[in-house]
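To keep things simple, chains are lettered A, B, C and D as they appear, and every chain counts its residues starting from 1.
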Amino acid sequence: MFAEIKGLNEECGLFAIWGHNEAAQLAYYGLHSLQHRGQEGAGIVTSDKEQLYAHKGVGLLTEAFGPGDIEGLKGNHAIGHVRYATAGGGGIENVQPLHFRSEDGGMAIAHNGNLVNYQILKGDLERKGSIFQTTTDTEVLAHLLKRQSSTKLRKQLHAALPQLIGAYAFAVMTETELIVAQDPHGLRPLSLGRLGDAYVVASETCAFDIIGATYEREVAPGEMIIFDESGMHSSRFSEAEDRALCSMEYVYFARPDSNLDEINVHTARKQLGKQLAVEAPIEADVVTGVPDSSISAAIGYAEKTGIPYELGLIKNRYVGRTFIQPSQELREQGVKMKLSAVRGVVEGKRVVMVDDSIVRGTTSKRIVRLLKEAGATEVHVRISAPPIIRPCFYGIDTSSRGELVAANLSIEEMREMMGADSLSFLSVEGLKSGIGRDESQPNCGQCLACFTDQYPTAIFNTKKELVTVGMD
Amino acid sequence: MFAEIKGLNEECGLFAIWGHNEAAQLAYYGLHSLQHRGQEGAGIVTSDKEQLYAHKGVGLLTEAFGPGDIEGLKGNHAIGHVRYATAGGGGIENVQPLHFRSEDGGMAIAHNGNLVNYQILKGDLERKGSIFQTTTDTEVLAHLLKRQSSTKLRKQLHAALPQLIGAYAFAVMTETELIVAQDPHGLRPLSLGRLGDAYVVASETCAFDIIGATYEREVAPGEMIIFDESGMHSSRFSEAEDRALCSMEYVYFARPDSNLDEINVHTARKQLGKQLAVEAPIEADVVTGVPDSSISAAIGYAEKTGIPYELGLIKNRYVGRTFIQPSQELREQGVKMKLSAVRGVVEGKRVVMVDDSIVRGTTSKRIVRLLKEAGATEVHVRISAPPIIRPCFYGIDTSSRGELVAANLSIEEMREMMGADSLSFLSVEGLKSGIGRDESQPNCGQCLACFTDQYPTAIFNTKKELVTVGMD
Amino acid sequence: MFAEIKGLNEECGLFAIWGHNEAAQLAYYGLHSLQHRGQEGAGIVTSDKEQLYAHKGVGLLTEAFGPGDIEGLKGNHAIGHVRYATAGGGGIENVQPLHFRSEDGGMAIAHNGNLVNYQILKGDLERKGSIFQTTTDTEVLAHLLKRQSSTKLRKQLHAALPQLIGAYAFAVMTETELIVAQDPHGLRPLSLGRLGDAYVVASETCAFDIIGATYEREVAPGEMIIFDESGMHSSRFSEAEDRALCSMEYVYFARPDSNLDEINVHTARKQLGKQLAVEAPIEADVVTGVPDSSISAAIGYAEKTGIPYELGLIKNRYVGRTFIQPSQELREQGVKMKLSAVRGVVEGKRVVMVDDSIVRGTTSKRIVRLLKEAGATEVHVRISAPPIIRPCFYGIDTSSRGELVAANLSIEEMREMMGADSLSFLSVEGLKSGIGRDESQPNCGQCLACFTDQYPTAIFNTKKELVTVGMD
Amino acid sequence: MFAEIKGLNEECGLFAIWGHNEAAQLAYYGLHSLQHRGQEGAGIVTSDKEQLYAHKGVGLLTEAFGPGDIEGLKGNHAIGHVRYATAGGGGIENVQPLHFRSEDGGMAIAHNGNLVNYQILKGDLERKGSIFQTTTDTEVLAHLLKRQSSTKLRKQLHAALPQLIGAYAFAVMTETELIVAQDPHGLRPLSLGRLGDAYVVASETCAFDIIGATYEREVAPGEMIIFDESGMHSSRFSEAEDRALCSMEYVYFARPDSNLDEINVHTARKQLGKQLAVEAPIEADVVTGVPDSSISAAIGYAEKTGIPYELGLIKNRYVGRTFIQPSQELREQGVKMKLSAVRGVVEGKRVVMVDDSIVRGTTSKRIVRLLKEAGATEVHVRISAPPIIRPCFYGIDTSSRGELVAANLSIEEMREMMGADSLSFLSVEGLKSGIGRDESQPNCGQCLACFTDQYPTAIFNTKKELVTVGMD
């Protein structure tokens, strides 16, 4: 849904619960609240201590799970996953949690993030005789675990995780234990909560709210939390680096009702809008936001400037997989998809259009045109984040550098390309102060690589060699 | 969707197009933008001058129409309908347009509204030998038309429509003509537009915007517009009464991007919120609206009072037919459906919760509790319309009078019942001034019957006798 | 299924049950055994004395009814129908039982057969103000009933049925009574049975066997049987003409395990094969039948001639709606559909291919070629019925006269056209003696119109005028 | 379908085609004709030399493949599979062809048969670090191949196949070659054919007939046939043992129009019936067969004894997955499923009921009762194979030994249990002579282990140890 508008896609959401007699059902609702993180596949694996039970399907959660599917998922422990699939990788075999069966028992793995050295590790493993049945980077971890000398899962993870470079939040479950782990930079969000006596772990806290769980704390960078019969145990598989939580989670991905590191997402976005008003004010009649993710920033911008906030753009709901697409001819004749401008609001007005990011610029261009066709006399584009000049290697499906408009055009060129009357971006400093993480404290850093080219881990250079590019 | 939250339901949306070579496809997109007016059935009938073609199905438009269904709908003329079905009436046979075949040719009818004297007319017709295959009031019109001496559709309508009492916007199509008609009070909205050489008619102007059509004017009370080979002809089948456009369309039903009688719905709602701020101010920390329909009013309230507007409530999307409902036990344990409160926004705050109407009061009660459980210290409920004290007989599925909480409790009793710290409604005068129809002008009245007990037409008394209750 | 092979199609099967607490479920199984009589729609209507409940759907019974649909059909009384739809008439609105609702109560009608004067009656009714929502001839009866002065269903039927000309077995149900009726010639089969205290009526006795009911007797020509609270009552709405039971039911349509007028269908077919052996013997190595309906006749032919019966042709099951059809190119390259010849059986052999009828001759031609391509040295076609030279007006979808090959070619020309080494048909006398109805007894006549041009009722001439063509 | 009646299930059918520009479509039709060998999953993998394309789904072929699925399967080479899944193993991940991806390219494997030493091999592989994602024995081969030092598929197979014990027909495909292999005893059928310039391989020759291909020869025991750019190459990976083709393929599994080792299945079955008539004649009025697989034997029995063959039992078609099952109560009241006795044929008659095998005996018992309830005065059961006294380890899902009725009861006890008037089985010698393989010739042996306890390979003893039990 979001994906189609933005060309900027999160890869996946995680949910895990340990010790509740309705584990599968709660996983279903938890995943439901994480649906915005991935709409192309969903799965749940449960354990009743004796055996693992799995159900997975392509599409939305409501498409992947039919009546009766939940009942088959027995036991008090569950992990679940919603998947965003990059082009070509949408087969059912890639839907997570991945589920492996051996003579000694089963194992299920769910993963949010992206491993930078995935292809190197996969090549090594194949040369040693491993065969891969999925095209996910996640399967690499399963093979690494299997090849450890220990048969204890926690020891296998201690040995395997340090071999991985990149972003990862993992949930791994066997019949008798559940382990979640966060990469040493804590690039992807992962929170711990309680629901009565049960433990819950989720990519976003909105999954706690929907099931009535309470928030406890973040899973720390380099931390591994083990849940087993004797309760919960924390362990460290790596020296923690300074936290580098993805700042695009605040700007665009996370649900406004989630808190990330205890900062509410809506509130952060509204602050970004206010900061943007300070940095790039303009004289205008109405402020409008591009739904859904830019609404909060637009409200902040309006509040700070005193220009009235209005619903100048409407998103057409229900434009799903089964929607019959208009012919090219009709599209050219003006049949609208996804977004409509509200003529009654923008006609004859100078409009500030607040958006949260520009990737290829084509969507922004289309929206400016929509507003002008609906009678806006001026359209001032205000972006509540800095220009995206570098691709992400940590699980966000941004386009390659060649497609990133801000990597190739000046701001004035972009303004002209999209036909706006003015265009401004938030500064990197403005982004940091708007989000409001106290970077003087430990574990409060954030990843800004797509804005700054400062990657927190080694990455690949253009020759596909792994290079070390430290964060300063 | 909306229906499930409110217990206040619109019955149906209409779309018609005359003279476009992609008539069926345009009807599909037009209906798509009217989906909020009915989600339980959808249909399109087209004409290629020789024959009518029909496709109908239950559920959302995207469920009722699959790939290929549009192609079968040949011809340049189309009428379409989305249906909201009251309990028990959800069969496929009731999905509109109704489609009749006779040796002389076919006829299709789509209807938005409700006929007050439907059962009386039906009884008469049955005694004369008519048999009914649907349980819709719409079928009555078909029988009345058939029983006229003339074989010309426009003459049949001239004779039949004056027999109907109630609210109706009709689109009737044969192989060779399309006629739309509006009841003498103009209770339901119906607008006329142009798309190149083609004519379009729709329940709301958002259907024009989505297909790139331009607005022309409203279909007038008591007017019948005929489209045939020689173009468009206006005719009057009834002396127009003063217009009595349903005010709940502004308050709740219509899409914010639609204009009703040239007043934008979002703008009207925002004005209602401002007016409410004048009538019922309060000291508080945040203003939040109940999504989706109350957002505009909440923004208006915030703007006027200067209290910041925040996303304090989030609607869970995708809660459709195929969603697996939580068990009663889980529901009691706090599994949220449809709406969640945003803890990060409301915790420790005094919250103004703006909603647009209260029907049974149970939803409001639940939302107040949600907000308090999420940490709101005070919840002040502000309703951007007057109390609903009477049922609607014109096509809105409000509850019966016994279920209308405002018909049975005082405002203080309601406040206590829902656990709010304060509760205020907009006054009837405030509603009128907020919407801003200039009632001194002709055709600018509005129906306020559900707030005032002043019905614009005769209605039935409790003994099911038709009584005349004039509007003053 | 059968339909696709033959181009000769039955229109519909009926089932009714009165007074069983699992009425809907039994109707489902009864209809299941009648599935061969119609695969394009299925429906059941039940009554619990207070109300009628209906469920209908397109396609096979298993497609039209999903889990849960049966439970909604409350009450102890049910009528059901499986429908074969002629081209263009396959909409859901035509699926039976038709279901009408009036202020006085509901009515459901199921029909097997075809009314010869349907269009005349429909024209009359429309001129009097009736409107039709289906394109079935069945709806005419509903209108005729409604226009009677009496409000009692049995009186309405007494008055209305004599206006109908043609073939009909009807089941009509209101909340409180069920009436079945058979046309004065008894053209279509209709049997009465018992299941404990309950009554059952079905188009074929195989529906009794599947539910464990016992056969009682045939519904007589011109008879109406009324089931109500006080039990079963027989009544006569017409002087019975001599019975004219469709002989194609024996030859082709009915299931081999059904009895028609107490003659087993398989046994009759085997007798036809024996009679054919007497009339048209041939020297050959193997006898094979065209599956499924000609198997019995082939066995009879083999038994009489002493030539071994073999499976020389195999029907490909599962070739349903969802089967992906081969491209024209592949078809020409020899990809087989529906039927395959068994090389291991026919190679190098002189083959007698027994079939039960020839309509357009194209299928026979294709089968002869299949057998020859599989190595048969000679193919002798033997048809266990006389040549079809006239269309049926009583509910069998034979082609028009122009398409009937036997109406246009001599037997030698047909043989040549289909590439057979010899071709023989059974004589009309042979057909009669093979079936073995004792025509000297009352009610034991049969309709042979498609073989003899002697129609038992008035029919239309080519100018669409009704003409009387008596049976001699 | 068959599976539900018998409790005796084949595991899978294979199809492969090399060098045809409609490879996927032909695989679809080929698999369609093999549908009787497995109804729980179907899949096709194709290669266009650059890449493999896969589509798989659960259920029947027509359920697993929708419109459009075939188009996505590009290229001129294909392998396909239909799967019968034992209880608990029905997940999509087990549907074949299994499809593996590595950095070096892809590989797909389809398998018919069962590996006796599967668990031993799997345990070894897991100890060396392999992880398994399916519960099929087929996956073992993939891991064995991957662990060979060579990277050439044919060399990997040469090294890996000799490690397998049991029954297997394999088709393995990479982007550039297709290899089929048959186990050293040739336990499962596998035939080679031509279609123009293309090569085809299938489990049964009926798959050749349906696509118009011509039969060439059997794939020999211990033979591997390689298809690549340079054509077809035969190679031997093992000294061939004497052929031990499964005799139950003749008796029960294969389609009657298939030839196995050039012996037609229908003809063999008819011979078994004739032989049975010689060994176990009886005085009776009618012979009937249990549909579908026993029809040929019944015809043979009738032909030899001179007792007329009749359709005494009818199979209810369409009893598929979506069929609503009758309640226990209705079942007890006599609602029939799957099979009905034809009263008109058996009433008052002495019936010979020919069946091809008895597994648990419960189905036979039910059929005897059906016939007696339909009025048969005597029921003589004749089985056209010897008693099954041992389970199969080679891919047939017979019950365990404890459930095999003939392993636990004498023939007289069985007769009494099933309520028959007499019961006879064919002798082992009769079976051999009926099928008619010339055992004096090389490669003409057959596996009779389930009748004789003489297994052609090592098997497991009850302690799950592998033991060598030679064939004498």
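One rule holds for everything that comes next: a contact is a pair of C-beta atoms (placed from the backbone, for glycine too) under 8 Å apart; a residue touches a chain by one contact, two chains touch by 3 or more.
Note that this is a predicted model, so its numbers are computed, not measured.
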Message: Going by the touch criterion at the top, tell me which pair is linked by more C-beta contacts: B-C or C-D.
response: C-D
- prompt: How big is the gap, in whole Å, between where the Cα atoms of chain C centre and where those of chain D centre?
  reply: 37
- prompt: So how far apart, in whole Å, are chain B and chain C when each is placed at the average of its C-alpha atoms?
  reply: 48
- request: Counting only chain pairs that touch, give me the topology of the graph as line, ring, star, complete or other.
  value: ring
Task: Show which residues of chain B lie in contact with chain A when the two form their complex.
output: 22, 25-26, 28-29, 32-33, 35, 60-63, 65-67, 70, 195-196, 206, 209-212, 255-259, 263-267, 270, 295-296, 299, 303, 308-311, 314, 316-318, 320, 322-324, 326-327, 329-330, 333-336, 340-345, 374
Task: Over in the complex, which chain B residues touch chain C? Could you list them?
output: 54, 91-93, 98-104, 119, 122-123, 126, 128-135, 142-143, 146-147
